[in-house]
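Quick one: the structure is below, and I'll ask about it shortly.
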Amino acid sequence: MKKLINDPKAVVDESVEGFGLAHADLVVVHTDPLFVTRKVAKAGKVGLLSGGGSGHEPLHAGYVGFGMLDAAVPGAVFTSPTPDAIIAASVAADSGAGVVHIVKNYTGDVLNFETAAEMAQADGIEVRTVLVNDDVAVEDSLYTAGRRGVGGTVLVEKIAGAAAERGDDLDAVAAIGQRVNDNVRTMGVALSACTVPHAGVPSFELAENEIEIGIGIHGEPGRHKIPMEDANGITDRLLEPILADLAPVTGDKVLLFVNGMGGTPASELYIVYRHAAKVLRDAGLVVERSLVGNYITALEMQGCSISVLRLDEEMTELWDAPVLAPALRWGM
Amino acid sequence: MKKLINDPKAVVDESVEGFGLAHADLVVVHTDPLFVTRKVAKAGKVGLLSGGGSGHEPLHAGYVGFGMLDAAVPGAVFTSPTPDAIIAASVAADSGAGVVHIVKNYTGDVLNFETAAEMAQADGIEVRTVLVNDDVAVEDSLYTAGRRGVGGTVLVEKIAGAAAERGDDLDAVAAIGQRVNDNVRTMGVALSACTVPHAGVPSFELAENEIEIGIGIHGEPGRHKIPMEDANGITDRLLEPILADLAPVTGDKVLLFVNGMGGTPASELYIVYRHAAKVLRDAGLVVERSLVGNYITALEMQGCSISVLRLDEEMTELWDAPVLAPALRWGM
Amino acid sequence: MTDSSLDTAWAVDWLRRSAAVVSENRMALIELDRAIGDGDHGENLDRGFSAILEKLDSEPPLTPAATFKLAAMTLMSKVGGAAGPLYGTAFLRMGTAMGEAVEIDSALLAAGLAAARDGVVARGKAEVGDKTMIDAWTPAVDAAISAADAGASPAAVLAAAAAAAESGAVATDPLIAHKGRASYLGERAIGHRDPGAASSAMILRAAAQAGGASA
Amino acid sequence: MTDSSLDTAWAVDWLRRSAAVVSENRMALIELDRAIGDGDHGENLDRGFSAILEKLDSEPPLTPAATFKLAAMTLMSKVGGAAGPLYGTAFLRMGTAMGEAVEIDSALLAAGLAAARDGVVARGKAEVGDKTMIDAWTPAVDAAISAADAGASPAAVLAAAAAAAESGAVATDPLIAHKGRASYLGERAIGHRDPGAASSAMILRAAAQAGGASA
């Protein structure tokens, strides 16, 4: 394992410390428990909080700032944070109007956030939870832990963040977050595995000509392995279940999000974007907005995910609203 | 070789096409010859043009936009573009006030841009060239091709771009670009090699516990291999020749730029940033501005470079000026 | 402490032995989790139990219940992931079940283990056969209750529980998972042992060893 | 065409054979450049010479000079990197040196090769021993001039040039590079052949084969 790290056990602490130093104009890093808050809080605004295992950078701390998150709680690598940190961050994010927790649907995240929400509520903080579960690679049935939260999380955080910033109340912010989740579908592919620092070995094995379809963002194996294909073929494979499940109709406006898993060059993401845009156009959809880059990653994994969000006018407006966070910035 | 590509020979064309589709609000892609221009040109402004081999994305096309480049000319992967494309882009970038070429110091780039500049001048376009050569890994002597242009290029493009945007004339824009180059030093490290699509094999070999110090951005081998070290140790090794060469004095204000080579997680870049900021502080310098992320890459190479730019008030002001390009955006 | 009861020293010894076995098997648990999960189970538990050791030194608990509550709070705030809240709940409920008792007899021990298991079920909603730690805990609790009903000593109750947990963990190998991360894998989970069931068996074996050692 | 001169057919054949040899050795040249450069030399030349083939078909040139100018313009606009302008300049100067001649005798041939080499030096400022294509071109030009002065046929002049270029390329192996990307490597370039010298030797061998075949 070759990584730019010191002690594998200190990876998250040191990385978040460096992040805080580099973006001292925008964020404040709190330690023990570890969480990140917006430098300039806005009184009376609904607080937006997210968190989860580390290793998905810039998610979530990179989205703390004006128009997006008020607080982010990074756990150990690929491990949900603990309730005490979530509670402390909720207290910091609450200015009286309540806090929305954006939680990716994994057993660990759900259990820890559930506990934290209960305890925060007991302390008088109103909490609403938006559970993100956009991953069409996983069957959503009684016999699984349900669909995972993946790429759609970034879109939920941006759009709900803009709603909170414009002054929506607690239920309204949660409702728009939920609406984004209901309208977004994601599917991913890995060309290589990633190596968790404390494990020191790649999280799964892939032969030289194999890829893993339906991958999540934790180095967990995906739906199945297939022989390597070209970018257009892979793009088709990712979009097919997305469109089958989202079932858009001709003329629907969508946001197309091609996300890098951390180890894939931008040039390759644009090659995927190119074909995906064509497929959506051919399906009668209008690609109104786009996002291409490393926004929710799995350490240095090579691969990408595609998310398609069906937009309505309000979502588009909130997407376009100014945002000023370390990893997403426009309009100011 | 596993890459999200179709035909290896079509990588640049397809990628730039996708880039143009994703950022149609900001840029226009021209084909045959291939170059990228700003969507909304500003009449009477000095044109700023850069280019070079592809594979360093978001450099250069990602920096086409308000407050930065007017045109970018992508060559084949790791291969300088040809004079005809540079000339066509120069014509497009010229609105009568002349064009500044920002060229990274490699034999191929220098020769092709030289030829293009000559021919453009013959066609009545005033051209000034800023040659970027910030890489302290290479000895600058009669016996080498001279220092390479690496991370500092991004800073030259941003600051010269802001100068052009505020209305500086041709010589002034070239002069500030030159001043940035004179005050910036860079050094890089690779933990793994990258694979050029047409070659299909990694560009150099590294044993499981080796790293390559003094790497450039073309998958060329570096200054020497050393056994793997921790992030703090590597950071010390990169900063030492930078500071020796830049020779800053106590109280100097600097911009600290930690750049990912494409395959390194953001979390690791922040671990490097953390220690680099500390070393600079201990050296009596003031880190006034920071940039952390994948801004000038070598495909999917794992590793990073550190650049230190000694700031003066004007450079800082131009750095802070609004920029609106696909890969760099603030203030608007 | 007598043959017919366990005390605070046993509870503390259990936790210390758990910390040791988890630390020894850190990489093995990571490997199991790497195969059908995300490879952090060993690291997470090791972090949690190391923290318990520190707490035991700095604030020695006075009752078995206090010992388990200390474990619960520490696991809850140090482990994260699925295992943190689940093991945290298990130890919390066990502590609650034991009340103020300083001597734990076989019946109370079995009741404590049952409460722990019920806590995990309440939080995680898993059933036997879902390929989770419940597949170790439920046979362990059944064996403990049978042994206690038959008049066995606490040490024997723990030995029965540990053996049943070990068989239960092994029995997860051929299963498809219905809970946790392994459920994303469908049939690809077949042939792999559930990491949480494996760690549960180790921890219950540690309880038995502590019981045997001090019996 | 006679024994004592070469013509446009030879020039065209040279380029076609160059395209073939570059395409065959594409991977070998990539490998050489991968070792001490950036691994694109074979790809770049292959792209350039393939484009030359297309141009030769669509606009057949009428003189040797026109043939070389077509090659020069195509290489300049298709190759990029260092090799594009350098080979482009070489063919451009060779074409210019040959003027309107349709029959190239040994003296003009040697003068053309010398002009090509001088063009590369003018652009790239490399000297013999800098581990560049000049290390193939300069001995080739020297051998060509000697042979021409000694009254050799054009075919023999080219054969001498090709042989000298090949030796010159081999002789780059032990050198440290002072120009181009390999100069960044210092001593680590020792033991590797310069890719541009290697491709130059191939291209000059193609010239000789075209000369011999048509002689």
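The letters A, B, C and D name the chains in turn, as written, and every chain counts its residues from 1.
The rule is short, and it goes like this: a residue touches a chain if its C-beta (ideal position, glycine included) is under 8 Å from a C-beta of that chain, and two chains touch if they have at least 3 such contacts.
To keep track of the chains, here are their UniProt names: A, B = Dihydroxyacetone kinase subunit DhaK; C, D = Dihydroxyacetone kinase subunit DhaL.
The model shown is predicted, which means the values in this text are computed figures rather than measured ones.
We define each chain's centre as the mean of its Cα atoms; on that basis subunit B and subunit D are separated by 33 Å. The distance from the centre of subunit C to the centre of subunit D, each centre being the mean of the chain's C-alpha atoms, comes to 76 Å.
The centroid of the Cα atoms in subunit B and the matching centroid in subunit C are 55 Å apart. Listed for subunit C are no residues, as none touches two or more other chains.
A linear topology is adopted by the chain contact network, the touching chains following one after another without closure. Across the whole structure, chains are in contact as follows: A-B, A-C, B-D. By the touch criterion given at the top, residues 30, 34, 36-40, 43-44, 47, 76-86, 123-124, 176, 178-181, 183-186, 188 of subunit C touch subunit A in their complex.
Subunit A meets subunit C in the complex at residues 9, 33, 53, 75-85, 106-108, 111-112, 114-115, 137-139, 142-145, 148, 196, 198-199, 201, 203-204, 216, 218-221, 223-224. On the subunit A side of its complex with subunit B, the touching residues are 2-7, 11-12, 14-19, 21-23, 54-55, 57-58, 62, 191-192, 208-209, 211, 228, 230-232, 234, 258, 262-275, 277, 290, 292, 294, 297, 299-300, 302-304, 329-332.
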